[in-house]
Each structure stands twice: as structure tokens, then as C-alpha cells.
Amino acid sequence: MSELPQILVVEDEYAVQGFVDDVLTEAGFETDILSSGEEALTLFKAKIKNYRALVTDVNLKGHLSGWEVAKQIREINPACPVIYTTGAASGQWASHGVPNSILLEKPFASAQLVTAISNLLNAGSSPILTEG
Amino acid sequence: MSELPQILVVEDEYAVQGFVDDVLTEAGFETDILSSGEEALTLFKAKIKNYRALVTDVNLKGHLSGWEVAKQIREINPACPVIYTTGAASGQWASHGVPNSILLEKPFASAQLVTAISNLLNAGSSPILTEG
Amino acid sequence: MSELPQILVVEDEYAVQGFVDDVLTEAGFETDILSSGEEALTLFKAKIKNYRALVTDVNLKGHLSGWEVAKQIREINPACPVIYTTGAASGQWASHGVPNSILLEKPFASAQLVTAISNLLNAGSSPILTEG
Amino acid sequence: MSELPQILVVEDEYAVQGFVDDVLTEAGFETDILSSGEEALTLFKAKIKNYRALVTDVNLKGHLSGWEVAKQIREINPACPVIYTTGAASGQWASHGVPNSILLEKPFASAQLVTAISNLLNAGSSPILTEG
Amino acid sequence: MSELPQILVVEDEYAVQGFVDDVLTEAGFETDILSSGEEALTLFKAKIKNYRALVTDVNLKGHLSGWEVAKQIREINPACPVIYTTGAASGQWASHGVPNSILLEKPFASAQLVTAISNLLNAGSSPILTEG
Amino acid sequence: MSELPQILVVEDEYAVQGFVDDVLTEAGFETDILSSGEEALTLFKAKIKNYRALVTDVNLKGHLSGWEVAKQIREINPACPVIYTTGAASGQWASHGVPNSILLEKPFASAQLVTAISNLLNAGSSPILTEG
């Protein structure tokens, strides 16, 4: 298969960027990793690539939190799977998260991230669930 | 709410027709009940009503089995929930059933039918699962 | 059992209020029904009763939408099950809804509402899912 | 359908016996209600009826707890759905319960009990899940 | 563990054969890969090996489509997990697929295939779901 | 991420110990592997490490079976995910297993173990499921 599924990653710690990039590449995805929510939304809205899922840290350095990035991406693509990662803000997920998203608390194993994305993508690709 | 969700029922035993009609009406649905798959497909294709789900007996008197009725309805509406009922043919479901369907073996309680339809409808109504 | 599970309902159409009240009472719940999100939050925060779930229309006459009511209730009780009902705004659920909620598009059958609440309550009552 | 699915109920409070009996009968099941685990096991082992599910209170007056009744019934029929009810002992479910069971904490609504049984029965009746 | 779970793969593009073989071997499975549905059915029916799951492309060069291969395999083993892969025919899954199957649209990540098979196998291996 | 999720493994065959250790380390977990249930419980109760999940063989050389180890660990941490592995005793899972556990029959693929642990951990980390 010449092309791989594209994942948009928003993460402002360089060490975690490298970890997420390695894990997703090894699992057969291609990643675009950005440091702020503003950059990620710009890229997502440009529609140069067809991003299949969003992985976003909750706490970001810019004005936008991960919660806000996910909301705006869901307004554009209501079916886009969302994975939040966080070291501290997990208590806010119940009120700030979007439906059908998964929150991973750090530290998480690489397999947890890969399984979370795969489950959301596999569920979403079932044609029965999309209105004809 | 002036209008109720419509369910298409295919069943050729009159006693079971009455049972299914009573149960679904009590649960807040409206039903159209037909005795053969051919009649059911004619009605479904006419699109006079917007049927939200199919309940079909597997063994029918006409040429079409319940397996075949469900397949043809899914070709028209890939998201239509399907409930099969059967007294004997449950072993064929794994090879003749469609994805995301439920098979109820007779005798079943009225609550099992109502819960099966409600679960399939509630899952399907989640907008995240439909491509924007 | 002397006491029944309490459900908080926010709905500003009187006809729908009566429908929801009848359905939930018949299903074994007790309901408090309010016409605005502001009233509902006042009652929820007063903690006079232990509400086990929220059923809210999305479009309400006051300043608060159903989306906003659910968010504020989840900040107080992150485990509170949420059911949204709507005639028109289902497209916003993917970006405005909270995790582990269900959206019912009108018209829905009484059984769909009852099954939705029961499933969320039964899932939440499993002690394995609460951190010891 | 001449015959209804049989549910075995173990409950030693007479008021709750009546409530559970009414709820399950209304939902289309037939019930045999016994006051002790010993009686329930005797009846289950006699195989006079084909019980499709067990509903058991956790705290019983005899020597056997509901946890123990469920374990012995699963040794005879590993696929039998189990619903535990309890006013107090929910914390023990994670260590004393069996897999694929549901625990309902009192007070629960009649609809929660009906939905719990129906979900377990419908899942179990899917022929794909039984080894041919 | 001296023996590994065997997966039967039907795929007529050599490049994809190599990809699927590498991915499944890396994930701890053993694969037999065949180019046509006819060959796959011959091998499956011979029962020389105990295949635990089927991965089949939908569009195959022989007379049999992947839909047909899965149906025939389910008639022999109703519990056999099925994964369909396709570049184009996903719209037919709702009417041509079998229950409890997963469809992966190309391009998919290697992790999606591995997670899909593992989820179906893990669900199927739960003894509660098999009638004693 | 400086720290990795810790998994407690109870397994008395050295060959399987090495296999499980390699698989879980590759998947991003850290493991402590012990040969008997008694040792595992001592370590778990000492709370030197925060074990996130238990993987236990069912048949162990000491006095404690894997069923008993899991029960005792669930009494300490009701939310701890449990994976049982077994070559022979799978028929006992329905009566001896704990709720929300997964049983893997040998031989299983490395991916099945990794997906099983990841699914249980990801489900448990959803804050909506923990009572506030």
C-alpha cells in the first residue's frame, strides 16, 4: 500500500514528540507533529492531507488547549477520532472532552496509544455506521 | 412528539404478528407488519415511510427468506438496524446474517426485542459515527 | 425498595415534559422536570436529592443550552450519565457533547430513552470501574 | 409463543420478591423465586426447567451467599447470565463476582433490571459466539 | 509456546501479501497466504491446520469474492473471526458481510490489522460465550 | 516519559516468562515476573510499585492458583485489570474468573496479550467511569 493513514499530533514537549512519532511510525501510520493548537488547526483546515485521527496533549503552550483543538476539529470532521494525552488534567475529561474520544494518562505504554487509535479507526471504518 | 419511529416487521404467523405489534406499540414505535418478504421490499422501496429498523422472521412462506430480505434492505439503506427472529435457524446466522444485526431465538421475552431494537437505534443515531 | 433512582430532566416544551415524565415513571424512575438550564443547575448544586442521571433537551429557552448544562453538571459529578434530546441539533453532538453521553433525535420511542438511561446507569454501577 | 424464557430469582425479602416478579413478568419473562441459595441450586440442578438467567441478591439468609450461588450455577452452565442485586455489598463485586455479570445497587429502577437481563441474553444468543 | 495461532490469508496482490505476512508474523501469528478463494477453501476444508481467523481481500481474481469465501468458512466454523480488506468495495459490507466481522479500508496501518484480529480472537476465546 | 506502566506477571514456566517479558517490554510496559502467587501477593501488598495490571497463569506450582491470586489482588485494588493465561483450564473461567477480566488460551499471539492489556487499561483510565 503506497500511502499510509495520516495522524495529526499536537504536542509541545520535544521528548514526547519523538516518542509519539516513533510509536506511530512503527505501527504503520504517518504523522505530522506540531507544537501548538493554532498550527494544527491551520494545517487541518488547509486540507492538504486527509488526517484520519487527532492525538493531542491537553496542556499546550499556545492559547488553545487540547480540549479546544479537538472541538474545532470535530466541527470540521464530526467523525475524526480523538486521543487526548495528559499528565495531570484527566479530571476535566468528563466535562471538556468530546464524545467517542479516549484519554491516556501519562505515563502510558506505546501499545496503549496504538490500540486506542486502531480501535477508534476500526470502529469508524465500519460502513454500516455511515449513512448511505 | 407527533410522529413515532416506524419499524418494518416481516412475519407470517398471525399469533406472532399480534405479539410483535403489541410489544413494539407499547414501547413507543409504530409498526407496519407484512406476511412476506416480497411485500416488505415493495413497501420499503416505495419510500412512503421512513422505516428506521427491520424485524424479520428467518423462515417465511414466500420465495424470499428473512436473510435475503435483510440483504436487499441493506443495499438500499446500509445503516438500517436488523433483528432476525427464528425458532430453528439460528445456526445459519453466522454465515447468512448481515453485520451489526441481532438474532433472537424463540421463545424470547418482549423486553429482549425492545432492548435489541433500542440498542441498535441508539448506536446508529450517534452523529459521530456518520461521515459529515 | 422505598426510594427510586432520581432523574433530572430539562425540557421547555410542556407536551414533551409530560411524555418524558410518563415514560420514566413507568420505567421505575422518579423525575424532577425543569424548564430551564439555570433552574436545573440550581437544583443540582443544592444537593437536596442525589440525581443519578441528566436528560436534557439541547435547545432551551434560557441563556444556557443543553450542551452547557451537561458540562456544568459533569464538573460537579464527572460520572453522571447524560442523555441529550434534540429535534434539530444532532450535528453539533460530536463537538459539543460530553464523553459517554447518548444523543436521541426526535422523534424517538419511549423504549429508546429508557434503554439509553438504563445502559448508562448499569455501566456506571459496576464497581470494577471505580478506583478503590 | 407458547413458552416464555424462564428466570431463576433468589431473594429473601418478600417485598423485593414481589417487585422483581412483577417487573420480570411485565417484561415477558417467567420467574421462579426462591428464598435461599440452597433451594435455588436444588431447582437448577434438577433441570426440570431450562433457566435462561439468574437474578440473585448478594446477602441471603441461608449459608450460601449470592456470590456462591452464581459460581455453582456457572459450573453447571458456563454461559448462564448473572445479575446480582445488593443494597450494601457492591464493593465486593470486583473480587467475588463472575465474568460477564452485572451488579445492580439498590435502589434500582425496574427498567435497569430488565435492560440488564435483556442485554446479557441477547449477547449470549448470538450464534457466532458459540463454538460449532 | 511451541505453536502459534494460524491465520488464513486470501490476497491476490503480491505486494500486499508480503505486507500482511510481515505484519502478522511480527505480531506473533503464523500465516498461510493464498491467491484465490478456491485455494483457501480447499485448505480450510482439509483441516490440516486449525485456522483461528480469516483475513480476505474482497476483490479476488478467481470466481469467488471475499464475501463468498467468508460465508463458506462460517458455514464450517460459525465462530471464525473474519477481517475483510478492500480498496474500493466498502459500501457492500453492510449487505454482503457476515456478523461480527471487521472491514479495513486500504490504506490501513499495520496496527489496525493486528488490533482487529486480536480483538476478535480475544472476544471469541472467552469461555462464557461458548455453550458448555 | 521517564517512567513506564508496571505490570505484575505470575508465571512458573521459564520459557513463557521470557516470552511474556519480551512482549510486554517491546509494547512499552515494565514487568516484574514472579514464579508463585505467594511471591506476587507479597510484592503487590508491599506497594513499592504501583502495578497497573496483573497477568497470571492459572495453574501455578505453589498453593495459590491464578484464580485465587486475582481475587486477592482485586480485594486490594478493585479496578486492577486482570489477564489470565492457560493451556488447559479455560472451562473454569466462567465460575472462577473475576469480572472485567480476559482469558487467553495458549497458544496465543503476542499481539493478543498486548491488545488485551491495552484495552483494559484504556477503559479503566476514562475518568468518567470513576466516581468523583
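Quick notes on this one:
Just so it is clear, A, B, C, D, E and F label the chains in written order, and each chain counts residues from 1 on its own.
Here is the rule we go by: a residue touches a chain if its C-beta (ideal position, glycine included) is under 8 Å from a C-beta of that chain, and two chains touch if they have at least 3 such contacts.
Every value quoted in this text rests on a predicted model; they were computed, and no experiment measured them.
At the interface between chain A and chain C, over half of the residue numbers involved are used by both copies, so each side presents largely the same positions. Simply put, chain C must spin 120° to overlay its Cα atoms on chain D, rounded in steps of 5. The interface at B-C recurs elsewhere; of B-E, C-D or A-C, the pair that shares more than half of its residue-numbered contact pairs is C-D. Computed centre separation for the pair chain A/chain D is 42 angstrom, with centres defined by C-alpha atoms.
Centroids built from CA atoms put chain F at 29 Å from chain D. Shared interface positions of chain C, defined as residues touching 2 or more other chains, are 74, 78-79, 91, 93-94, 99-100, 114-115, 119, 126-128. On the chain D side of its complex with chain F, the touching residues are 71-72, 74-75, 78-79, 91, 93-101. Chain F meets chain E in the complex at residues 15-16, 19, 23, 90-91, 93-94, 102-112, 114-116, 119. The residues of chain E lying in touch with chain F in their complex are 1-5, 27-29, 114-115, 117-119, 121-122, 125-128, 132.
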